[in-house]
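Letters A, B, C and D mark the chains in the order given here, with residues in each chain numbered from 1 onward.
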Amino acid sequence: MNWEQLLLVSILLSSLIPGIIIFGLPEERHRLRTILNLCGAVVKISLIVIMDIGIYLGHTFEIRMPLIPGVELLLNGDPLSALFATLSSVLWLLTTIYAVGYLEDSPNRSHFFGYFSLCVTVTIGIALAGNLVTFLLFYEMLTLTTYPLVIHRGTDKSLRAGRNYLIYAFSGGAVFLIAVIWLQNVVGPVDFSATGFSPGFTDSHGTVLALIFVLLILGIGVKAALVPLHGWLPQAMVAPAPVSALLHAVAVVKAGAFGIVRIVLDVYGAQNLLLLGVLPLLGGIATITILYGSLRALQQDNLKRLLAFSTISQVSYIALGMSLVDQPLAVIGGLVHLVHQGLMKITLFFCAGNLAETLGIHHISKMNGVARRMPLTMAAFTIGALGMIGIPPTVGFVSKWYLGLGSLAAGNWWLLGILAISSLLNGCYFLPILIRAWFGKQQESWPEELYVGRFETRLMLLLPPLITAFTVMAAGAVANAQISPLAWVRFIVREYGL
Amino acid sequence: MITTLLYSMTGLILFGMGLFTLIVHSHPLRKILAVNVMSTGVFLILIATAYTPLGQGEVDPVPHAMVLTGIVVSVSVTALALILACRVQETSNLDLLKKKTVPETAKESTT
Amino acid sequence: MIFLNVDNPSWMITPIIVPLTAGLLCFLFQRKTFAIALSAVLVNLLAACFLIGQLLTCGPMRYSMGGWQAPLGITLRTDGPAVLMLLMTGVTGFAITLYARGYFSFRIDDPGGTDRHQQQQRYFWPLWLLLLAGLNGLFLSNDIFNLYITLEIIGISAASLAALSGKPAARLASFRYLLSSLLGSLTFLLGIVFLYKSCGLLDLDLLRNLTENGPGVRAALALMSVGLLLKTALVPMHFWLPPAHANALAPVSAILSALVIKGSFYLLFRLWFEVFASSITTEALNVMGGLGAGAILWGAIQAMRQHRLKLMVAYSTVSQLGYLFVAFPLSRAADNAQVWSIVIFMAMAHACAKSAMFMSAGTIFLHFGHDRIQDLTGVRASLPITVLAYGIAGVTLMGLPPSGAFIAKWLLLSWALASCQWWWVLVIIAGSAMAMIYVFRVISRFIVIPEGFSSQKLEFHSRLLEWPALALALISLLLGLVAPWLLHILAKGSIDLTQILPGGLP
Amino acid sequence: MPKTRNRHKRLDGFQRLFLLLVVCLITLLGCILSTIPNSAPGLADAVARLQERSGVKSPVTAVLLNFRAYDTMLEVVVLLLAVIGSWSLTKSPLPEQDTDISPVQMGVVRLLAPVMCLVAAYLVWQGSHLAGGAFQGGAILGAAGVLILVSDFPWIRTIPALPLRIGLVLGPLFFVGIALCCLFFTGKLLGYPEGTAGWLILLIEAACALSIGITLASLFAGGRPDNTMKKIQPPAKHPPGKSL
């Protein structure tokens, strides 16, 4: 085992081991638990940064473990997995800090943080998966580890939401499993590679491969919350705020989107997909999801539900970028949105959690004048919201700019129109909130004001959204710099030779 | 040859009778007896296979041994089943079993 | 010491003789029974490992009892599937023995306990050890009449064990179990009679080489199969299983569900795919597959409807057995070395997972005094490890990666797709989905701690009640990761088979 | 046997259908059975060929205790298992208390029991060359035991459990012991050393016959011996051993 393989294993273990230890810790040892969590997160980030550098310098990170003929587990660090792994680990650190503050004094924290760590381990596993079998393994485990988090509150409502989540996720998983096995039967074992499987199969098994592609997208679309498979996501909002943040910005939905990227770029490859002619289908679903999510978000009064529908809409930008896989600019836009959407959405969820935890505000109609009580939180929220709309210099603008350029290059004028309409709709549901919060008058006292200290809320709740909001601005402003998500995505696209 | 066939067919018919009783009748004792009849049928067929026409070599002792073994197994299972049936009868209040025990109780108490 | 050589086939008898002797001694002394039992199962486990090593170095082996060669004498033999089943029995049996110790001492130490518990423990050990000997004998035996006797040993000891709890329901269930098992073995015996009349042979290897394929052999195979199906509890012959498994003591339920059923299934599969492979028709295979599909669906539907935990787990056994039979029609698509792989993976994973599940259910029953699913909210607070074991075992039942059941399902689906038999795919997926529902219906109750819930403080806490279950659950989950090793053993064992089969089936 | 419910009833639909099915099945099996040619060699020749080496003259005994002794060993275990199973279920209801034994019965038993033991011993002894052997002998011994049991001798209650268990286990344990000794001396389980087969078989048969006799009597007693308690419990209302 060389150092590259050791690194891959320790990346996974750096959150698995704290997770297992935390399960065994008694409830009262919260200091030790916090230290374990933070240490794990910091170690993981450092290891992943080392891996990033290694990948940039051209090292190969690969572990193979054959199971049965044709089926093997393969962990592989390529630029794309580095992108997702870095995003997940950084956001995990922030979410952990936030969750420690959020769950102060609440029961069952060992349980919560244990699953939280497992969940991140699995997400990193998804990032590092080097073939469809490994991807499937971690994909199913993700459902298992997030389920206890969704039903953490134990109310009937959360149980119902959990049940729906399971049914959606496992149905998707089953379809995905069938598709993976079928694909293996047709083209043999496929590892993720820059070109996908050999184009020879497309000539001989065209229809079957197109059908398998549809099945794969259907299976993975459940987690990516593509319409009409999105039903679980708004319901899952009953979970505590850090869980919502993690689920929506990092783990589940992102894993689905990441899976779409993998299937399009690495399994099928641009060339095959163009031959098969299934891309317009993906583009169509993505378009419908973008518009549907935004329209539904317009009708919401519950802040977290609004954010959920906004997630449904925003994640589909990634799928949209993938449907224009022959256009490097569109691919850049889609891939970079993977990171950008994560940063923006986690900011918004942190802020929504702050409002709920500090003032008991769950509904937009109660938000009049809240910015005067919590200026920093609302400033962060504003930056996130503006990013969602796509106002420069936030990161949201960068993604949309590249997506627009890509669709222009492909000659799809109508896609540009879709982007514009979507931004308009984003504005329509975010701007009223901002106006209400900054300029509205407080009419009644806050529903349940819990905490009045030196800051507007607990420090551990305040810091993470501020950091992410700052990143949203900074990464957008210096997008062209040497080290930025955009730069890394360009590196990825170069690797794919687009 | 005819004798062999006769024994075999009788064995088969016994097997069938036992099978029918075992499934159709619900009384535990009948079931146990039915199983015994079935096993007797099987042993009969098995013994019949040992037969060889005169002058064609020895009688095959292996089926004999198998039948002996089978009888012993059947005895032990029957005993266990009977004891189990008694315990079921003692501790459960199945309608059917009640019907059986009630008259006996009455008889005993009158004498 | 010539017979201590690694390549001496006499080692084969260890897994039979050691539990047998230990069982007799347990009955004789009735004191220190746990020590005797533990050393016996330990030796049994070691012997299984040793036999695997022997198989890998020396290949498949035959052993003639008393030196009398095959047509007359009785032979034992080791091959890949047999040693893996021995390993399964060894591992599961070891864990169950430890658990049983914890279980009985918990009940005996209970202040409300009575003499009854003492008696139960006293007779549990000899029955269990003799059952173990019977199972090992079944896996190793190569003589059809000897197999009948091992089946009887298994049947009698299993029925006695099932009645051990002393509850009226358990006794009634055990009575039915005994009768069904007896009917099964009589039918099997009738099959042997037909076989002996047609071929005049009892040795399986010799029967395999026989080209005889007349109606007598087919009738024999049909009779033997029906008998074994009755013992394996395939739908619609499963009626005896749920009450017998659900009403027994927890360690006994684990034994019955994990091991006993596998014994008769192993024999059935061996008869179909090794001994009489040339007499098998596609229609017969499809009938088996159809029954298996029925079992998957019916068992899962019943499991979803149960209100009691142990009954639910018992019905899930009915459902899981179906996968083993769906493998029948699909195994045609496989080559010789692969025929066993699905069945072995499924059986091993199910044995570990199901015994872990029954152990967890038993621990919960012991501590809470009931197993109504409705009233088991927040069990996690009191018994976290048990709930974890239950959850992991549930993951295996659902067939999620990387469990052994996942490997089996992967192969099943892969072969079904390769041979364009779509209906099996649908059945397998539907079965897994329903497994998800019945597993999570319970788990969500266990792990949710609603607000204002005050957890019961439990006074007794035996490690032996919790850790064996967790260990087995973990084994079942991680079984998929050692798949290449298991396949290696299987391939090693079936060299013999490919040589003997004249290019025939499957 | 008391009348049961089904006796005077006509068969209902399901039962008729099932009857039909059984008849069909038996007919089918009968047809198949009659078509099987009687050409299968069987194992008679093999037995005849190896008879001399088996150490006994009776071919059945040779098969049971030499060629296929492993089967017999397991089968003795099956018998023992039935006893263990029955003991795990319940205490023996026998002997009942306060029953008067008629002098005739007493006399018959006193006369018969020793004779039966003698006959049993003879059967075991002649098993080596004629029909007979451990099972036949054991069955006679068991019958003697049953006679004693139903005679309600008061001393039956005081039989200690340990000797009883030793008696039960003796046969199987001895069998296994001999088997292991053979393994040690000849390298084959149950492979009797040259020339000793006859004696060893006789020993095994004797031990097994004793055990089988005790086993059968214990099975008749219907449960484990109840001598752990000094105070004798009042008899159950419907002793199961008698009601059947």
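Quick note on the criterion: a contact is a pair of C-beta atoms (placed from the backbone, for glycine too) under 8 Å apart; a residue touches a chain by one contact, two chains touch by 3 or more.
In this text the structure is predicted, and so the values were computed from the model without any measurement.
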Comparing B-C with C-D, the one with more C-beta contacts is C-D
Here the gap between chain C and chain D, centre to centre from mean Cα coordinates and rounded to Å, is 30
So, in whole Å, the Cα centroid of chain A is separated from that of chain B by 69
Rounded to the nearest Å, the gap separating the Cα centres of chain A and chain D is 72
Where chain C touches two or more other chains at once, the residues are 72, 145, 149, 152, 156, 159-160, 163, 171, 196-197, 202
In chain A, the residues touching two or more other chains are none
Within chain D, the set of residues that touch 2 or more other chains is 29, 33, 42-43, 47, 63, 68, 71, 75, 78, 81-82, 85, 89
Chain pairs that touch, by label, are A-C, B-C, B-D, C-D
Listed in rising order, the residues of chain C that touch chain B in the complex are 72, 145, 149, 152, 155-156, 159-160, 163, 168-169, 171-172, 174-175, 178-179, 182-183, 186, 189-190, 192-193, 196-197, 202
Listed in rising order, chain D residues that touch chain C in their complex are 28-29, 32-33, 35-36, 40-43, 46-47, 50, 63, 66-71, 74-75, 77-78, 80-82, 84-85, 87-89, 165-166, 168-169, 172-173, 176, 179-180, 182-183, 186-192
Note: in the complex, chain A contacts chain C through residues 23, 65-69, 71, 73, 107-108, 111, 133, 136-137, 140-141, 144, 147-148, 151, 153-155, 159, 162-163, 166-167, 170-171, 174, 177-178, 181-182, 184-185
Chain D partner, complex, touching residues on chain B are 1, 4-5, 8-9, 12-13, 15-16, 19-20, 23-27, 29-30, 45, 49-50, 52-53, 57-62, 64-65, 68-69, 71-73, 75-77, 79-80, 82-87, 89-90, 96, 99-101, 103-105
Seen from chain D, its contact residues with chain B in the complex are 1-2, 4-6, 11, 15, 18-19, 22-23, 25-26, 29-30, 33-34, 38, 42-45, 47-48, 59-60, 62-64, 68, 71-72, 75, 78-79, 81-82, 85-86, 89-90, 135, 212, 215-216, 219-220, 222-223, 236-238, 240-241, 243-244
